[in-house]
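I've put the structures underneath this note.
What follows is a pair of complexes built around chain A, which joins chain B in one and chain C in the other.
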Partner chain A sequence: MGDYLTTLLITVGIYTILSLSLNIIVGYAGQISLGHAAFWAIGAYSFAVLTTKYSIPFVEAAFFSIVITTLVGIFLGLPSLRVSEDFLAITTIGINFIVQGIFNSFDYFGGAMGIGNIPFPTMHGDMISNNTFLFITYLLVALTIIISYIFKVSWAGLASFAIKDDELAADVSGISPVIFKLLSFAIGSALAGLAGILYASFMGFISANDFSFPVSVAILAMVMVGGEGTILGPIFGAFLLILLPEFFRPIHSYRMFLYGILLVLMMIYQPNGFFGKKGIVWSMIKKS
Partner chain B sequence: MLLQQIINGLTIGGIYALIAMGLALVYGILRIIHVAHAGVYVVGAYIGLYTFLITHSFVLAALASMAVGSLFGVAVQKFVYLPLLKHSPIISLIASIGVFIATQEGVRLIFGPYIKSFPSGIFDAQYHIGGIIITQSQLVVLVFSVLAISAIWFVTEKTKFGLALKAVSQDMDMAESVAIDSKKLMFLAFAFGSAFAGLAGLLVGSYFNSVYPAMGDVPAYKSLAIIVVGGMSNIWGAFWASIFIGVLETLSIGVFNIPLPRDSLAFIFMVFVLMFKPEGIMGLFKRN
Partner chain C sequence: MEHDKKILEVCNITKQFGGLKALNGIDFSIGDGEIFGIVGPNGAGKTTLFNIISGVLKPTNGSIIYKHKNITKLGAYKRARLGIGRTFQVVRPFAHLSVEENVLAAYGIRFYYNPLTSFLKYNTDKHKKNVDDILKMVGLYELKDRVSNELPLGFQRRLEIARALAVNPKIILLDESFSGLSFSEIESIKKLVVDLNKRGITIIIIEHNMPVIMELCQRVLVINYGKKIALGSPEDVVNNREVIEAYLGKKYN
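After this line comes the complex of A and B, so read on.
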């Protein structure tokens, strides 16, 4: 496979993990998050700092990065317990700006220069090939799908959906909103951390601008365009929103304009996403 | 020095207020996080600049910015928000972000990506008042902000329209039952609020002498932090929060040399407000 195609597919894989992980927070537990790139950044930066500054081996660094991202995710999920949805949307935007600001301005995190020389995975002392990396990425995508599925059909998933539908009713039925909101933030951010490790290791260099607010918007758009709460939807959304710009390369300067228009039209005509309730793709599948 | 920084901060705060008060007004009526408000601001800046280049009159430029801003805001309300009112707020939020992206990109495609400036030397004069330097462009911004905010005060506090706005923002069904036409009021609220966002675009463009497509990025999200601090739908809360954050930013950079990027300060302040004064904001503005 050509390098271009491999890189593209790895990017799609990383974004699939991101959109599925955000889907657990937004689609399952109903908590609006417009700051998912912050969790992605925390995963990537933890991994970068642990490997380059403290020379911790790859696998251990990856493990600790996920632990760190999960803990930060639970901490940053705390506002969801006290504020209503509009506040949460703005708070998570704020989290994105603050996290990006911190990574961008403290020398410990490389400042505006970013962090380079992040290790690529090795096997028996040799760097693995890009195709092997691609394979590992899609193994992790599969793992993310399995986790999403198990969570969705488990009692924990049902409890989350109940909170999403009616928090008060769920609460009086003995489902603790605190536990399940934080659980969804924990799982969602852990998986975002995983995507961060993949990204940092594959790129070898990260800077705070890679995780800016428009990235969070794009991840949320993948979830919403595909269909929040479904599993096929976010996967489809990630493929669509990453691959579409590649097809539109000849009209490159209209790309973002069309993206904006697409978001508006999708929300007006397909508010539940392609795979959601009344979504065109889902109705076609059901018919056939 | 300190007084100088406070004057500079008030100038910036006044401009923030023009954007944030319109945003708070719209939130009060529709409960929509109107990110595209900053799109109105960008359009206002361009229209104002070109009107000024043609007519050489700043007053005409200001009127043109307000008129076109108003039209644009009303169009967004009619074609994007009205069809989405029955859906969850996250749908409108994403559509709003889509409108904002499409507006900025549309402006870039029409007027080009480069920074445009006002003719050199129009506002170069400086006034020295007791050791404080006030530039003419600063004076223009201050005068127009004071006039505009007085107009907002008069309309919202002293007219029947203002009273109807308050009624609808507190309870739309109740307001309709006392013969307030909420559709018409939404239209007027958007026309009114958007006019000042357009004016703010022109004022910022002339103050920093640069008009460019991405100029709305920072105000788009910072104004959200400001209205959270002010209490979401509270117009005067938004006013005081704008003034406070304008001064805080200028002081933190000019006097205290805080290393964080200035644009994340508003969000950090917002987080403090949410942490330590949640009851003041929470109870009052929770969605019904």
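After this line comes the complex of A and C, so read on.
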């Protein structure tokens, strides 16, 4: 496979993990987040710092990066216990800017220069090929899909969907909003951390600008366009929103504009996404 | 009191919202197995009292004792786990879930808090069968696959009761479960309440429909402006002059 296509498919895979992970927070538990790039950044930076500054081996660094991202995710999920809906949206935008700001300003995190020389995975002392990296990426995409599915059909998933529909009714029905909101933030941020490790390792170099607010909007657009709460939807959304600007090069520079337009049109005409209830794709699948 | 074993004690509850005292020193206790009515004019504080008993609100003062245990500081979901179920005056179904899933969500109280069971599949035949028994009891079985927010009000009220039953309650708080229903629907919910009571569930009813209260309840509490103005048998209460003036308007017979 050509390097361009491999790189493109790895990018799609990373964004698929990101959109599925945000889907757990937004689509399952109904906690709107416009700052998901922050969790992605924390995963990427944890991995970059652990490997380059402390020379921790790849697998151990990856493990600790996911632990760190999960813990920070739970901590950053705390505002969702106090505020909801539009206030939570604004709070999560703030979190995105704060996290990006910290990585951008502290020399410890490379400051505006970012962090380079992040290791690529090796096998028997040799760097693996890009195609092997692609294979590993899609193994992790499959793992993310499996986790999304298990969570969705489990008691914990049902509790999250109940909270999404009516938090007060869930509470008096014996469902702790605190536990299940934070659980969704924990799982969602752990998977975003995984995407961060893949990204940092594949690029070899990261800087705070890679994880800016528009990136969060793009991830949310993938979830909403595909259909929040579904599993096929966010996967479809990631493929569509990454591949579309690639195959229609002229619109590439306008892709944030495209995402914005798409998000607005979806909210008006397909509020549940292509794969959600009453979504056009889902209706076609059901008919056939 | 004919039920000498107390299941719930509401001790000197006061609830202040800013300058407004919604509840002012409310004090009563409920016997195990009783059907207990709470009546009073709109805005008297009845639903606030339910919110405090179910843990949705914390009182400014006073305490709630359940089975001789002080639960004043426990959150709503913990009280549900201890066996306090409730319905809402304005129905609150999990709108995008089916009728069966609505009840499963409350039934899940048995599995949510054990990490070994929390990630198991909820949609199994065994769990569905248990929930279907509850749905049959309240007369919703035929509608179990319908999305809950598409149901007529009468069925949504039944769904609220089914959901409260799914937590395996010792007490159920029914907040105007009879209002807005047809005569025949009222009759069938009355029958349901009596059936549940026979199974040993204590029931507290907030209701404006006095014939329902007179027929079902062993004792009635009347509140007005957040204060207790009468407590006693339905016959005593409807003949109480203060109750007539504040709530009934004329003598009940």
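Keep in mind that, in the parts below, the second predicted complex is superposed on the first by the 278 of 288 C-alpha atoms of A that agree within 3 Å, B and C clash if a C-alpha of one lies under 4 Å from a C-alpha of the other, contacts with A are read in each partner's own complex, and residues count from 1 in each chain.
In the analysis below, contacts are C-beta pairs under 8 Å (C-beta built on N, C-alpha and C of every residue); 3 or more make two chains touch, one makes a residue touch a chain.
Being a predicted model, the structure only gives us computed values, none of them experimental.
In the superposition on chain A, contact of A:Leu5 is made with neither chain B nor chain C.
By the touch criterion defined above, A:Phe161 reaches chain C but does not reach chain B.
Looking at the shared chain after the overlay, A:Ile150 reaches chain C, while chain B stays out of its contact range. Here chain B and chain C are compared by how many residues of chain A each touches, and B touches more. Shared-chain residue A:Ser173: touches chain C; no touch with chain B. Using the contact criterion defined above for the overlaid structures, shared-chain residue A:Ile280 touches neither chain B nor chain C, since it reaches no partner. Touch criterion not met for A:Met127: it reaches neither chain B nor chain C. The residues of chain A shared by its contacts with chain B and with chain C come to none at all. On the chain A side of its complex with chain B, the touching residues are 26, 32, 34, 79, 82-87, 89-91, 93-95, 97-98, 100-102, 104-106, 213, 217, 220-221, 224, 253-254, 256-257, 259-264, 267-268, 271.
Within the complex formed with chain C, the residues of chain A that make contact are 150-151, 153-159, 161-162, 164-166, 168-177, 179-180, 277. Within the complex, the chain C residues that touch chain A are 54-56, 75-81, 85-86, 88, 92-97, 101, 104-106, 108-109, 111-113, 117-123, 163-164, 166-167.
By the touch criterion stated above, chain B contacts chain A in their complex at residues 27, 31, 33, 80, 83-84, 87-95, 97-106, 109, 221, 224-225, 228, 232, 259-261, 263-264, 267-268, 270-271, 274, 278, 281-282, 285-287.
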